[in-house]
Amino acid sequence: MQNAPSIEEQMEIHRRMILTRRLEEILGGLAKDGKTRGPLHRCDGQEAVGVAGCMALRANDYVCTTHRGHHVYVGKGMDPRRIVAEIMGRETGYCRGRGGHMLLGDASTGMIGGNAIVGAGIPAAAGMALSIQVMKEDRVAMAVFGDGAAQTGIAHEAMNMAGLWKLPVIFLLENNQYGLTVRQEVQSPVEDLFIRAAGYGMPGLKVDGNDVVAVYQAVAEAAARARRNDGPTLIEAKTYRMQGFSTSDMGGYQSEAEMAPWRDRDPIRLSAETLSKSIGSEAVAEIAEAAEVEIQAAFALALADPFPVFEFHRPSGAYTEV
Amino acid sequence: MAIMRYAEALNAALREEMGRDPRVFMFGEDIGRYGGVFKVSRGLMDEFGEGRIRDTPISEQALTAMAVSAAMTGTRPILEIMYADFVPLCMDALVNQASVFGYLWEGQIEIPFVLRTQGGGGVGTGAQHAKSLDVFLAHIPGIKVVAPVTPADAKGMLKAAIRDPQPVIFLEHKLLYNTRGEVANEEDVLVPLGKARVAISGTDISIFASSKMVVEAEAAAKLLAKDGIGAEVIDLRTLRPLDLSAIKASIAKTHHAVVVNEGWNFCGYVSELSATIMDHCFDDLDAPVSRVAMPDMPIPYSEPLEAAVIPNASRIAEAARRTLA
Amino acid sequence: MQNAPSIEEQMEIHRRMILTRRLEEILGGLAKDGKTRGPLHRCDGQEAVGVAGCMALRANDYVCTTHRGHHVYVGKGMDPRRIVAEIMGRETGYCRGRGGHMLLGDASTGMIGGNAIVGAGIPAAAGMALSIQVMKEDRVAMAVFGDGAAQTGIAHEAMNMAGLWKLPVIFLLENNQYGLTVRQEVQSPVEDLFIRAAGYGMPGLKVDGNDVVAVYQAVAEAAARARRNDGPTLIEAKTYRMQGFSTSDMGGYQSEAEMAPWRDRDPIRLSAETLSKSIGSEAVAEIAEAAEVEIQAAFALALADPFPVFEFHRPSGAYTEV
Amino acid sequence: MAIMRYAEALNAALREEMGRDPRVFMFGEDIGRYGGVFKVSRGLMDEFGEGRIRDTPISEQALTAMAVSAAMTGTRPILEIMYADFVPLCMDALVNQASVFGYLWEGQIEIPFVLRTQGGGGVGTGAQHAKSLDVFLAHIPGIKVVAPVTPADAKGMLKAAIRDPQPVIFLEHKLLYNTRGEVANEEDVLVPLGKARVAISGTDISIFASSKMVVEAEAAAKLLAKDGIGAEVIDLRTLRPLDLSAIKASIAKTHHAVVVNEGWNFCGYVSELSATIMDHCFDDLDAPVSRVAMPDMPIPYSEPLEAAVIPNASRIAEAARRTLA
């Protein structure tokens, strides 16, 4: 298959998806116990989009994500321990506790960054691609964003400019069928949002967002296209949000009937099945066990890390009191 | 009278005004079926239907513009913007549309809409979900801006806002929704916009605040009372237009002032309060006005950092002591 | 022809186009003599869009327009004398001199109103349509806007909501091939902007913007559709801007070669030719003569009107000093 | 040194900095082929090509956001926003993006971009094309805001802004582009951001202003001189961060102050100036600070109406006389 992930890559995708899932689950438990701050947005069921999407990029490519970005953080290769530390408000976190779970940034892996303003990541990636184009670099930028974000005006402006200037950018629309509490059909009159690509002179396509190979291939193809200076691509990955909107969601609007078929299509289970065929189910189980060890260690270390101490003056003077 | 939560008081105001006037309708993100992320519009979609209570796409910019033009053409829209942090997305519709046409087309149209939103920090929502951007709104001519703290005022002022012929920005606070207080049951109890309220009366120093900062100011007054300082807490209630006479009356009595706002300090709402006092009460002042506000930096997430930046009772009390020293 | 204008309507369209053209020309002369203030945006060559578009609506329908709205003002039935008075800053103007030529508003003819923020009229019309829908009125709202405006984010947000809620609104995109000084292909990667309608679940079509009958028919059909509660329509009227961007335009970017074919397709000339076939060329000439008398009178009266006197306090207290 | 128009000084700064640093590029509406509606970028597309000088669609919101992220990833963008009236469209990118990430991701990224725009009234451009919205920008932490009045400062400060590691908003004025002055030809003459300038020195009253209001303040000083009043005119040059020591030094000398800004009065930039003086110079003041600003209403179009609202020399002189009375 063209642009398909190698077995090694599939194993790594699988591992990162498990890391993400376990990160979410443990955080969910901490949240229940009142040990986290602010709302947490879990991406259970959507791991394939962020992880396989990022794995299809190179280390120095840029990616930015949303309030629901744990799979992107882990997918782009960030260290779970420092992710957890940030979410738990520790000095060792990626932003020294300043950002929290929606606003992580890590220049070293090109994750620039989470964003809690819906839609803001779309022009952010376009701007990174503009920077790449001006400097004639061999990189691409990718925005991972939701079906809700696709309705923002800024999405339109950014996609139009990306198409116009053939910017090396990938718009990875993670359609999990919900805005916050309302279904996608309450937000848009069209079911397939990728069709809008035609209005921006760029290719648009949809993929099964729970199938890591499909996501990887689509992103790899789009990245190759961008590197050839052929411009942007809009990829709509159809998936489903298995947890509520956030830890402060009071629920009551996602029915079991709606969720059941998606539960059967859990991306980690699908990935395990596929992988088993090539490496055997024992090797697959080993991946899960190693991931479990890693994530437990990440939490243990992060939770022992110190909180930051407040200091008003930044060295650079950017925020000094006047 | 009944004891109600702030959120319930708002809900009652919305229900009563929608029942009273068929031109009133409400739209915003997740306000319908779900009842709003702070549950202020709970039950209204069932009562008034999907035509008058609308869940919307995430499109703050157009939503605000649509509220303006819908108001100009015969309805009285209420728009909920989920977080005050998203107000920057609404600015063109406010600054270049709502503000402008009431004057240019005076006599031809009115613009009776209400934009409800909530701001403020304290619960770890981070730099993009905890701001108070009051001053951006209060700077705009032709628009009223209110920020009540009690459930009674929440209900009475929201009703007054809905009936007002001009655009009204109604500022709520995420930490006030669960506070309780006595609220009038009667449908015709309005609280007029533009009038401040003496929350605590005192003779030594005046503390001017709004929204949740009134709670902090009241707590500061208790701290100061222990030192024998009688602080007067003025709940401004309306940020634009300011109740100048209430400000003047209080300072004429105390000769000292602390001004408080949860937004940033530089070019902040506190700057206007200080400048207003400079304009009108200079000769009455025995010491410079002290400002208590958010330091000029993004709101950090981690608990010890966030706690260090949000203005609170002890910072207000300290400012009062410094002013009197 | 379905929804075609009657002969009487065609005559009235013709008359209003001439009024508009002469309004522009006389204003252009005044501007050259330094007798106007601020930039003036002429719509010479585009009269058919605004005039025939508005004539296809009813008197109580709403319309809003842009900085380049003279044809809409006249098309919706506003009084030339009061238009001129406003542009000349007089107390008798539609906004008592407060608005100027980009910001006229006239509630009595449903012209709500001009707008100098590019794109702002698009949600404005959608909001009016929302008001109509909430009050279950038998009206429609129409936004006339440019190809430049179509690239603004607010266009996307408004069109998405219009399609979603089936608002009774008409989006009349006046594609005069230029933003300010740059051609449309420098602003968008697609030539036909109406294709974006598909992404909003609404019909989109293009018409010859210099043909009054074509514009009228398209708008009349869209209005009928809106009145049937079948929702919005995006109509792209292809036309060309025969004058510079505004009276402060230093020019140099519209070539004679580009303009010549459009000059041959002057909408007023085309309308005169068509009309002559049914009412004879003398009757057509009479329309022009009467329009000339009317516009001369409008200027004579308006220029004799007094300037407003400044008063700070509005009766309503909306803008009182605090 | 050479005599240049303000617009030419800006053009020279852009040309020199683009020549010096390949990471600098510029984008905005009509800035390329046409050279900008105020001709500031004239000739640059020919010199630097369409990759580094880009005409853009009308998309202020995304353009500003793209400037922020491009700056975070290795370039130094300069964005021209045609009118300051469109700044409301840029607010999310400034308030929720540019302001935030410099602090959150400190040490990982810098955000070296410049947003140039021009505001101000006086030529009948109407309520949506004549505003000064300085205060919206000056309220934002992590961002610098400058507003030079002389061609020399225009060049030297634009160069400094382009080289600055933080976001800088560069405010121009439509009535300044044709003013002339001496400008350094050398490429390495920078004017530091954050430093005010004594435009006219005097001992009786201090007038603080920026951008075109400095011209009005200077004219006011001449009017006042006729009455024997020695006004000191301080050209603030930078609106954020304020040059506090220059303000303190002047008031220590004059004990009286008039603060001027072309934007609206209420919650305006003048409010901050007044409040700053309250904070730092209260004991030095012999009279309250006077504010001179746009009245709180949309800017009307017609000449007699517009002339009545825009702050000018005679209103400044009158305020100074009132302050000294």
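Note that the chains take the letters A, B, C and D in the order they are written out, and that residue 1 is the start of every chain.
Assume a residue touches a chain if its C-beta (ideal position, glycine included) is under 8 Å from a C-beta of that chain, and two chains touch if they have at least 3 such contacts.
Note that the structure is predicted; figures quoted are calculated from it, not measured.
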| item | value |
| --- | --- |
| Labels of chains that are neighbours to chain A and to chain B | C, D |
| Maximum centroid distance from chain B, chain identifier (CA atoms) | C |
| Centre-of-Cα separation between chain C and chain B, whole angstrom | 40 |
| Whole-Å separation of chain centres (CA-atom averages), chain B against chain D | 30 |
| Chain A and chain C: spacing of chain centres that average the CA atoms, whole Å | 45 |
| Contacts with 2+ other chains: residues of chain A | 95, 98-99, 103, 115, 117, 151-154, 157, 160, 164, 186-188, 314, 319-320, 322 |
| Chain D: positions in contact with at least two other chains | 56-57, 59, 61-62, 85-86, 92, 96, 100, 103-104, 127-128, 141-142, 240, 242, 266, 296-298, 300 |
| Chain B-facing residues of chain C, complex | 62, 64, 95-96, 98-99, 103, 105-108, 112-113, 115, 117, 120, 122-128, 130-135, 137, 141, 153-154, 157-158, 160-161, 164-165, 314, 316-320, 322 |
| Interfacial residue positions of chain B with respect to chain A in the complex | 29-30, 32-34, 37, 39, 55-59, 61-62, 85-86, 123-129, 265-266, 295-298, 300-305, 308-309 |
| Residue numbers on chain D that touch chain B, as the complex places them | 61, 85-86, 88-89, 91-92, 94-96, 99-100, 103-104, 127-128, 131, 133, 135-136, 138-139, 141-142, 240, 242, 264, 266-272, 274-279, 282, 285, 287-289, 291, 296-298, 300 |
| In the complex with chain C, residue positions of chain A that touch it | 151-157, 160, 163-164, 186-190, 193, 195-196, 198-202 |
| Touching residues (chain side chain B, partner chain C) in the complex | 22-23, 25, 51-52, 54, 56-57, 59, 61-63, 65-75, 77, 92-93, 96-97, 100-106, 108-109, 141-142, 165-166, 240-242, 244, 276 |
